[in-house]
Structures are given as structure tokens and as C-alpha cells.
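The following pair of complexes shares a single chain, chain A, combined with chain B in the former and chain C in the latter.
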Partner chain A sequence: MRRIQRLLGSAGFGSALSSVVAILVGLAVGFIILLISNPRQAVAGLGTIAAGGFSGGMKGVGQVLYFATPLIMTGLSVGFAFKTGLFNIGASGQLIVGAFTGIYVATNMQWIPGPLLWLVALLAAAAAGAVWGAIPGLFKALLNVHEVIACIMCNYIGMYGVNFLIKNSNTYDSLKNQTVDVAQAAIPKWGLDKIFFTMKGKYADAASVNGGILIALALAALMYIVLNKTTFGYELKACGFNRSASRYAGINEKRSILFSMVIAGTLAGAAGGLMYLAPAGGQHITVVEVLSAQGFNGIPVALLGLSNPIGIIFSGLFVAYISQGGYYLQRMDYMPEIIDIIIAVIIYFSAFALLVKNLIASGTKKLAISREQAAEEADK
Partner chain B sequence: MDTVIQMLHITKDFPGIRANDDVTLDLRRGEIHALLGENGAGKSTLMSVLFGLYRPEKGEILKNGKPVHIAGPNEANALGIGMVHQHFKLVHNFTVLENIVLGVEDIRGGVLHLAEARKKVVALSQQYGLMVEPDARISDVTVGMQQRVEILKMLYRENEILIFDEPTAVLTPQEIGELMKIMKNLTAEGKSILFITHKLNEIKQVADRCTVLRKGRCVGTVDVADTTKEQMSEMMVGRKVDFAIEKSPAHASGKAALRVENLNVRSKRHGKLLVNNVSFTVHKGEILCVAGIDGNGQSELVYALTGLAAAESGRIFLGGTEITLATIRERNNAGLAHIPEDRHKHGLVLDYPLAENIILKSYHKPAFRRKGFIRFDKMYQYTDKLIAAFDIRCGQGARTIARSMSGGNQQKAIVAREISEQPDVLIAVQPTRGLDVGAIEYIHKQLIAARDQGKAVLLVSLELDEVLNVSDRILVMYEGEMVADVDAQNVTAQELGLYMAGSRKGAAV
Partner chain C sequence: MNDWLGVIYFLVQQMWLFSIPLLIVALGGMFSERSGVVNIALEGIMVVGAFCAIFFINQTQAYMSGQGLLLLAVLVAAGSGALFSLLHAYAAINLRSDQTISGTALNMAAPATAIYVARMLQANHVQQVAFTNTFRIFKVPLLGDIPVLGPLLFQNTYITTFLGLLILAGAAFVLYKTRFGLRLRACGEHPQAADSMGVNVYRVRYAGVLISGALAGLGGLVFVVPTSTDFNATVAGYGFLALAVLIFGQWRPLRIFLAALFFGLMKTITSAYSGLPVLKDLPITSDVYKMIPYITTLIVLAFTSKNSQAPRASGVPYDRGSR
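Then we have the complex of A and B:
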């Protein structure tokens, strides 16, 4: 009993509870939109959303894990920057630059033996993301240009630059207006397809999930350790909280800013690699003038996870789960646009986790006080 | 005399700490009632309860004998309660007059009418002797005038009960004298004043009665006329306090610990020399004080010495090695410690726990780092040791977030960190600003103890008492130049005042 009480009173539980409450509020508002657009199927619709990936059996769960992979990665990217006082709104550009670099390496360096090719391509993607993150980092550290401005510019330069490079390199499949298949460098499945599948007659219909989710989980654990246990993380966080005090303490705050952005860029670049280093039926970069949504979705994922790497794992899974629920909602009488709106609303409200956290904190305090008063009056 | 405000059995809790514990206080009409207590004793909390900023857990407030419920500053205002905060709440790009009427302005047909307000403000300022320029911008007027604007704001709203939260902390000695006069005038006109302070001289000068708080509890209320300063300080601290610091004569070894040669610092904004050709030496085993009125280049001098800002020219030596171009980390490692002027901006990472702040400068040393990881066990051990040794009071021990600690305890934490590093040279900039007598005594003793261990201390202070009591040798800085170099034994406050005002130049430094 004591242990449960201590668990309930701990800071970690408070944070998790606030995220859950924020999600419930989001679901409630989503339900209202369901009611307005199609009252007849609203309850069933909400059920479908709430059931999320589970509507599709084990394959559905696998799909959730698959779509969660880049979200966790960009969430880590944005969350890491948040923890160090920077707003990395440039995950989108870092992701696409990383993705292209990965595909380019996979297409042009096929002399590398098969089992290693995906790894080299993924590392190249991460390195390219690091460079793309370093640019706003350098501008911020040396010229005090706000990172949001530099990141937004880099998003567009990255997106148009990659479009240009795809069209002018051997990675272009002009028939489909997208990148070529890089099946030879696809992220290995590591047996996950043997777990996440549903039987269709005699055939096992496997989910798209691959080893990327394990890589993302490992990186989240690594980020948690770096931020909370190492002196390097201590320096970065100190700079995020108070640049002047960090300088006073002898920390090189310019270097810290640059490192923060490089790490954030690395994570987003790797996200791009994990997304697009896929088998023939998987995702390809299409040459359109749209910024990568996964990059931006890293922001709500980081907010919902309160920038804590472990929290980000769960929030990334949640956003993928609810999106998958929206996908199954198409079976009912809902327009795809309405589904997108509902999903957006739920994610949007989820990002209020921090607000809810503060509300809960003041609420529990009041409760404790009134209990104490009641106890004292009982004593009298 | 009738009672206007009674605060009965007020209790207010913050996480891990009871800021007010069953505090009772009554304020009579026309009196100046001082509220005395150490940092973190709960003075500001109690006044914030009266002003409606905090809701007390227990207790009630009576105005003219009737219970009142004060839910916020607006209710407090309606009840005639006004407050001058320690940090003024003024709009800097508004004029004096606009600031005074802000919130109760006279608007007709969507247009602001200031003519009547102007008449009223001028009348009020003459009645109480509060000289202000109604059309000057707040950003252009002195701190003293800003404070008078805050007082006029209360009078304009016809407040009867005026709360002053440490009003003298930001003023020059002349301005303090004026403020005391103004407070007397106000009570003569029937206003009642609650005066938060920890300066006993000021209480003796103006207050009628004094309520003393210690660790959130009310120690008692005394008549100031019948109580000595020593008695009041004993009530406040809970033990006897030495006003005169016991100090053996300095044993300056004659060995230079910090040497500055022809140092110049130029302002980036207007190109003026803020530190002008300054040279001096601090020896091992002495406390050298840089005195002067705020803004005469002391801050810039310290920034150049500690590496926070670059000097334009000149050389700095620590021991025998030149550190003019060294980084901050290199200077720290070479044995330079720095108690900074602004404890929130430079001294602490407010969102870090106390323990993380204690190792702010030493986290990279083997004592606290192994293979890139922080040695948390060592960090907590070391912090607990300093908490005990330096009597740092904090609700949750080493894990207390620095932001939630009182100013005095934040300062103690910084002093603990800097002195415990065993530096060769300690630069202390206004180390006791805003602290109570107990903490001031403690920090002064620590500085002297450091000196007696053979360390060199460079003290930068604006407080004449501190300058005269603590230091062995005094330099006076005026408009970026050192205008005097005197022995602390052979100089009077009056002489120092003349040097500081620039009306006299002493022996060439």
C-alpha cells in the first residue's frame, strides 16, 4: 500500500497522469466533431479511434509500431532540443535531407555487402541530418540568430534542395515521380514480421514493422542516459535553463548550443533513414512541394511526452496508434478530411499535457490541505 | 489609537515548508509598523497574504474589526490596501503620470483624460513632499523617483494601509533619508504603514512598533522606543549578534595574488571607457575592497577579471601567470572564485536542484565525474556537507529546486560553493546584498576566515558599513578610475563619501 502511495505521489506518475488527461480531453473534443459530421456513426467511430491499431489485429499493432518509429525519432529530436532550451522546428528539413542521403548511398554504394548496406545508409542519413541541424546551431551560437528562423529556412532549403537533387540524380523514378526502390538497403525485420501479422486465408499478411522501432527505443534510452546521467547532458541542460550562469560556470555555451542542434539533427536525419530505407512496397520520397509531416509531428510528440525520452516513446506510440485508428475510420462513412481533422484535434489537445500537469499539481495540493484541515477538526 | 488591520493566526504552506505558522499582527491607525525577520522568515509571504496574492491555509484578516476576504490585489485595493513591491511594477515606456493612473484612468468616449488626474497627482505630491516630474518617462528617472511614483500610485487610489516591501534596498543613503521623511509625513496624515525590512537602523529611525518573525513564527511585537537594536536582532536571529566584526589585523604576506595592470574596458554601446586605466594588486592574506557608488565601473571591472567580458587593453595576473586572455574555465581552474553580483542571472541555474548548483563549477572534476557520468552519490554527499556547514535552509534538502529557496539561502549556497572550492583569489561582489544581519554576519566571517587562511579577497561593495568593517585596504572607484587607495584603519565614512562622490582625489594608485 505504502509503495503504491509513493508511486502515485511521484513526479513521474504526475507527468504520466497529465498526459493521459490531456489525451482524454482530446478524445472528447474529437467525439464532438464526429457527432457534428455524422451523428449516426459517432459512437462506433469513437470506438474505432480508441481501438486504434487493435482494430487490425496483430498486423494493426505492427503498423502502429512501424508508423511510431519516425515519430519517436523526431519527437526525440525536438524533445532533446527543448531540454537544452532550443526549439528545433527544423526536424522536417533534417529528416528529408537525411532520407535523401540515405537513399543516395543505398543506390550508389551497392559494392558494400548487403547486410551492411542498410547500416551505412542509415549512418549517412544521420550524418546528413547532423549537418542540417548544425547550420541553425552555428547561426545561433555565433551570430545569435534565433534557431526558429534558421530552422524554418533550412526546412524549405532542404525540401526544395532534395527535390532538385532527386530529379537530377540516379535516385529518380520519373515514371512515379518519386525515388527509386532501395529494397537492397531495407532496414532488416529482425523477426518482427513473424510476430506482427494476421492470417488471410492461408497467407500470413505481415505488418510493415521493422527493426527501426528497436533502434528508436534504444536511442530513446540512450538520450535519457545522456540527459540525466552524464556531465555532457548536465552542461547542455544548464545552458538551456540559464545561458549566463553556464558561461559564469565556465561552460562553453556556444559549443553546447551547436552540440544540441547537431544531436537533434542526427536524430531527425536517422528518422528519415528509418522511414525511407524500405522494401519495394514501402515508402518513397515523392517529389512534391510539401514539408515532411513526420518532422512537424515530432513537436506534439515531444510536448505530449513532456520532452522526457521515455515519455516520448509512449507519446510517439500513441500518436501512431490514434492515426491508425483514423485509418480504419475510413471503413465508415467519414470523409478523409474529417478524419484528419479529428486526429489533429486529439493530438493538438494532447500537447496541453504541460498545462494539465500544472492544474493537477495545484489540485492535489488543495486536496491535501483540505484533508489536513478535516483531520485537525476531527481531532478537536 | 484604533486598530485598522488585524491578521489573526495566519498559516501559509509551500511545498516542504511552512512559510507562516500561526502569525498574528495588528496595525494601528497612523503608525509605522515594522516587520523584521531574516531572509525566508516569512515577511514577504505574510504581506502577500494581506495583499491578496496568496490565500492562507488558516487564519483570518479583520479590517476595522470586520472579517474581510481578500482574493486578489483588486480586492485589496478596494479595501484601501496598497503595496510597494521590492521590484517596482512600472511600465517603463510610460510617463510618471500614465503609470499612476494606469488601471483607474478616466476615459470618456474612448479618449483618455489626464488633466484632472494631473491636478490630483500634483496636489498629492505637494501634500506629502513627493517630488516627481509627471511627464518624464519612467525609464529616464532615478530609482528614488520610481519609488515615489509607486507611493503616489497608492495615494492616488486613496489607500489607507501602505505596505513597503524592503523599500530601502535599492536606494542611495540620501534617498533613504528622504524616504524616511516621506513615511513620517504619510503617517502624520493618518495613513498606516507596514514596513518590511531587516535593517535595524531604519526601524529605530522611523518605526513605532516592530513585529519580529523567525522561521515563519511570530516571536513578538515590541515598542521600538523601549527596545535596543541588540534586543531586536536577538529576537530575529535567536541568538546574540556581533555588530562589530571581530577581526585580527591582516597578515598580508606581501605576495601578490591578483595583479591588474592598466586595465581598460570600453562600453560596446556608447564607446565610453567604463574602466579607465586601472592598476592594483591584491595580496595574499588581505581583503581589498573596491568601494564606490553603483555604476562607476565596478561591475565591468569584475567582468573583465573573471572573463565574463573582454578587456580592451591591459594585463591581469593570477599568482605569477597571466590570465588576460584565459577562458572562464581556465581562470576558475587556476584558483579564481567569484561570488557574482546578480545571483539569479549568473550565480545559479534556478531550475536545477541545489545539489546540481553546488557542483556547477566542479562537475567536470574527478570528484564528481567518472567516465563522463555524474557521480550522484558524491554530489549529494558533498551538498549535504555544505548544507550543514553553511546552514543553508531548504525544504527538500539537496534536491530542493534553487528557484524555490529564499534569496538569503540562495546566496549562502553560492558563497558555500565558491569558498569550498579553496580558491587562491575570491572575488565577492556585493555578497550580502538583501541579506539579514544573521546571514551578513556569517558571510563576513567567512570572508575573514578565507583571508586568515592566506587567500586574497577582492570585495566589491556599495555598503559603507561593510566596506569599513570588513576590508583591510580600500580602493574607491569613481567614473571608471581608482581615485583613492587608503588603509581601512585610517579612514572615516565621511572621507570615503567624498571620494565616492568624486569631489576629492586621493593618493595616486
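Then we have the complex of A and C:
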């Protein structure tokens, strides 16, 4: 009994339970939408959504990992800033600035030997993201400019600036209105394409997954350690809880704000590098006047993962998984937008579910207290 | 000389088209945040309001047109925006959830739902909702003939521009001169104190969020009508820009107005530079021009934010039982 109580009362169990409840509600809403649009295929459609990437066999799983990579990275970026009490709504700009810098290095520093080029380009992407994150950080720390507004401005400056730089550098493929191929600096596969493929006749149809997912997982682990096992991380979190109290305790809050935004920017910039340092036929930056959506997708991922780096791994994988289900859903003539609605419902209900979790926690605590009191009475 | 006047008239007329939606939506955000509820769902609510109103125009324009139709659409936009914002209000106020979470959920749900419903309901199954713009006022009778002021304000305009200015006056009045406004501000600064004086914090916050929903929905329509001929499930980040204008304007109506004007003017100058004397001869490309509004905003903020302070209880759920 005690053990069950401890299990029910533990934070991890509560979070997991609340997430499961939210996901079930989201799927139920999705099912209703499927029923309204085409009742005959609704059950099969729900099955496709639930099966997610598995509908595509090993290739499907590989695609899930591929699309999860930038989601986890931007999720980490937003989540890390959340932990310090900052809302990094600027991941979009950091990502695109990082992506361009990576592509620029890959195109112009080809004297670097092949196996190292991708690494240098990726580091350059991360560094550029760090600079782009440092701007709102500095504005906030030194000039008291709200980070949300500075981030929004930096998103647009980054987007237009990158468009300008692409058009005025040798990274521009004017025929396709996008950046040139950087296959020479593509993120290595590290054998993952030998695992995640399906056979099409004699030909192995490999997934787009690459070493990026391993890098993302390693960075998530690193962020977990930084936040939970170091003094530095403790100071950042303390600033997030109460800025005045942490200043009173001798923590340099301005430094914490700046470092937090720099790290968030680094992660988003690296996300851009991982996305766009792609083999031929992979992604290119197209010159359009639209903010990169991937940066904004990090916000729901971070929220679903409760800003915890390990939680963000799972929420990133989950969002990629169910989105892949939406991709296969199109075979049945359903619209993939259903997935966005489902994810939105899940996020909305995760707010509800947190409440349920708190109720359970306080309920079990009360139970334990009354039992202790009863035991004390008995002792007398 | 005449050339210059023409240019200025043109710029100001264009400026209203950028500034008024920002103004309306930022004022909406102000009501929500001054009551203590952060509303980052403005973008999503704009999409919903614009979608419902444009769809309404799309369905009824065969039977009517002109200002009557636009005014009805305004009601549809405000109503649908308010309804949609109820979702945020419920999560933020009753459930005391993290307000960023439900706001993000609404932002995500809105465009997906707009695309989905458009493709379900329209005969041609496309996501764009087309409409015919019969709403432009070339010249307001009498007022349009006033020298200087006429061309600046009463020519080439939309009825929604005046609606926006009216909302500004109304918002300033309600916030500072009415009992409700005082209660709203109290709930955003110190809800416990307001509660101890018998103010129903939950009800006031509901009102704040609903007003923000109505205004954001309206802002969505006001943004789409002059700039496009169809609605494609997006308001191009204007909800987030309005959030920026709200902070830029330090949560106060008049400053929000100035911030919206500043941003709108910057945006107009830099997007119309190729038609402007002097600017068109400078060796600067359009991408650089387009960055200028955002860079200047950052610079202005750097000088004006030293004492900037959000409403103290904004974003903090109110729990009657807490100390």
C-alpha cells in the first residue's frame, strides 16, 4: 500500500499519467473530426494516426527520428529558457541565422577535409545561433527590454537578413530561389540508414534519418546534467523562480539571463545546422518572407515536455510520430491538419491534466498525514 | 512641393492599413494583460476572427455588399474571437493553468481548424476563402474635402479605420474613467487586494479575456480586408507583432497608439520605398529596407524600457486560497 502511495504521489508518475490522459482526449477529438469528415473510414483513420510512423515500416520509424531531430533541438532551446523564466519566442530567427551560417561555411571553407567540414559548419551554425540569442539576452539584462518583443524583432531581422545574405553571396541558387546544395557537408548517417529502410523490390528505400538524432539526444542529456547537476544550472533555475531572491543570494541575475539566452540560441542555431546541412535532395532555405515554422514548433514541444530535457525528447518524438501518422493519413483523403488540431487539444488538456496531477498529489499527501496522525494517536 | 504632399498623403493612408489592426489587437491584449491574464493566443484568435468573418462575407456577398456587409462581418469577427478566447479564459482562470500553454494550444489549433473547415465547407475544397473587396471608401462626403486633414484621414480609407480610433478612445475611457476599468487594473496588479474589497476577480478576468478575444478577432478581419482578396488561414504573424506593440506601448492605450503608428509608418515607408523620392535612389535593397522597422523598434525600446513594468500579477493564476 505504502509503495503504491509513493508511486501515485511521485512527480514522475503524475506527469506521465497526466500526459497519457491528455493524449487520449486529443485522440478522441481527432476521432470525432474523422467521423464528421468521413465516417466510413474513421476507424481506419484513427488506427493510422495511432500507428504513426510504424505505418511506414522501418523507413517510417526513421522518418519519425528525422523529423524529431529539429523538434527536440528547438524544444530544448525554448525549454531551457523557460527554466530561467524567459520565453524564447525567437528560436525561429536563431534557427535560420544558424542554418545560413552553416551553409555559408560549408560552401566557402571547402579546404577543410570532408569528414570535418560538417562538424565545423555545425559548430558555426550553433555559434551564430548563440549570437542571435545573445541579442535579446543583452537587451533584457542591460536595458530591461522584454525578451518576447526583442525575440520577435530578431525573428524578422534574422529572416530578412538571411534572405539578403543568401541573395548576395555564393550560396544562392537563383534558378530555384533557394540555397545551393551542401552535400559535401551533410550530417553523416553513422549507419542509421542501414537500420531504417524498407525494401522496394531489390532496392533499399532508406529513411532520411541521420546522425542528427544522436546529437540531439546527447545534447538533451547534457542539458539535463547542466540544469540538474551543476551550480550553474541551479543558479539559472533560481533566477527563473525568483529573480529578486536570487540576486539577494548573490547570484548575478544579469549574467544568468544572458547565458540562458545564449544557450537557448546555441541549441536553436544547431537545430538549423542539423536541418539544412543535408545531402543532395535534402532541405534548402527557400528565399521567402515567412518566418521558419520549425522555431515556433519548439514551443509546444517544450510545453508538452514540461521544459524537462528528458521530457522534451519524448514530446519531440511523439509530435514527430503522430505527424508522420498524419502524413500517411493523406492516403485516405484525410487532411493532415487534423494532426495539428490533435496536438493543440493535447497541449490544451495537458493544462487540465496538470490540475488532476496536483489533486492526486495533494490527496495522497493528506492521506499520509491523517495516517501519521492516527499512528501518533495510537502511540499515546 | 505638390509631389511631396502627395507622397505624404499616400504614406499616411497606407500607414493606417498597417497600424489600425495592430492598434486594435494590441488594445485587446491590453485588456487581457491588465486583468492579469497573459494572452499570447492573439495570433490564433485573429485567424479565427478573420476566418469566420471572411467566410461570412464569402457566403453573403451575393446578396449584399459595401459598408453594411462589412459592419455585419465586424460583428461576426468580434463574436467569433470572443467565443474562441473563452477556451483560453477557462484554462487560465478556472483551471489556473500555465497561460502560455493554453495560448500556444489556441495558436496551433486556429490555422489548422481554419484550413480544415474551409476545405470541408467550400464547394471547391480549397483552403483559401475568396472575397470581393467592396469596402474601400474613396472619399468621405464633406470631410474628405477638408484641406490636409481630408486626404490624410478621409480619402482612400476603410470604415474600420474609424472604428479602430473609436475603440482607442473607448478603451482609454473604460480603463481610466470607469469603475470596471479600475477593477480590471486592480486585478492585474494585486488580485488579493481587489478580492478583499469585494471584487470578483474571476469575473473581471473573464471580461478582460473576452474583450481581448473580441478585439483580436476584429483585428484579424481589419488586417485581411485591405491587404488581400482571399483569406489563407494566416495573419502573417500580426498577432505576435501586436503583442510586441502592446509591450512597446507599456500596456497603456495612448502609448500603444503611438507604438502602432510608429511601427505602421516604418513599415509603410520601407515597403513603399521604391515609389518614394530620395529613398529609391539609395543603393539599398528591399530586404534591408524591410529589416528597418524591426531594427528601429529595438533601438527605440533600448532607450525607453528602463522603467518598463508589466502588470504585476499578469500571468499569475489567481487562487483565492493562496496567501
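Keep in mind that, in the parts below, the second predicted complex is superposed on the first by the 325 of 380 C-alpha atoms of A that agree within 3 Å, B and C clash if a C-alpha of one lies under 4 Å from a C-alpha of the other, contacts with A are read in each partner's own complex, and residues count from 1 in each chain.
Going forward, a residue touches a chain if its C-beta (ideal position, glycine included) is under 8 Å from a C-beta of that chain, and two chains touch if they have at least 3 such contacts.
These figures come from a predicted structure and were not determined experimentally.
S.K.: Who does A:170 touch here: chain B (first), chain C (second), both, or neither?
M.R.: A:170: touches no partner chain.
S.K.: Touching A:244, do we find chain B (first), chain C (second), both, or neither?
M.R.: first
S.K.: One more residue to check, A:229. First (chain B), second (chain C), both or neither?
M.R.: first
S.K.: Which partner, chain B or chain C, is in contact with more residues of chain A?
M.R.: The partner that reaches more residues of chain A in the superposed model: C.
S.K.: Classify the contacts of A:139 with the two partner chains as first (chain B alone), second (chain C alone), both, or neither.
M.R.: In the superposition, A:139 contacts chain C only.
S.K.: I'd like to know which partner A:161 touches here: chain B for first, chain C for second, both or neither.
M.R.: The second partner, chain C, only.
S.K.: Along chain A, where are the residues that touch chain B in the complex?
M.R.: 229-232, 234-235, 237-238, 241-242, 244-252, 365, 369, 373
S.K.: In the complex, go through chain C and note every residue touching chain A.
M.R.: On the chain C side, the touching residues are 87, 91, 95-98, 100-102, 104-106, 108-109, 111-113, 115-116, 119-120, 237, 240-241, 243-244, 247-248, 285, 287-288, 290-291, 294-295, 297-298, 301-302, 305-308, 310.
S.K.: Which of the residues in chain B end up touching chain A in this complex?
M.R.: The touching residues are 13, 15, 57-58, 306, 308, 327-333, 338, 340, 345-352, 356, 360-361, 363-364, 368-369, 372-374.
S.K.: Please give the residue numbers of chain A that touch chain C in the complex, ascending.
M.R.: Residues 33, 36-37, 87, 89, 139, 143-146, 148-150, 152-154, 156-157, 160-161, 163-164, 167-168, 289, 291, 299-300, 303, 335, 337-338, 340-341, 343-345, 347-348, 350-352, 354-355.
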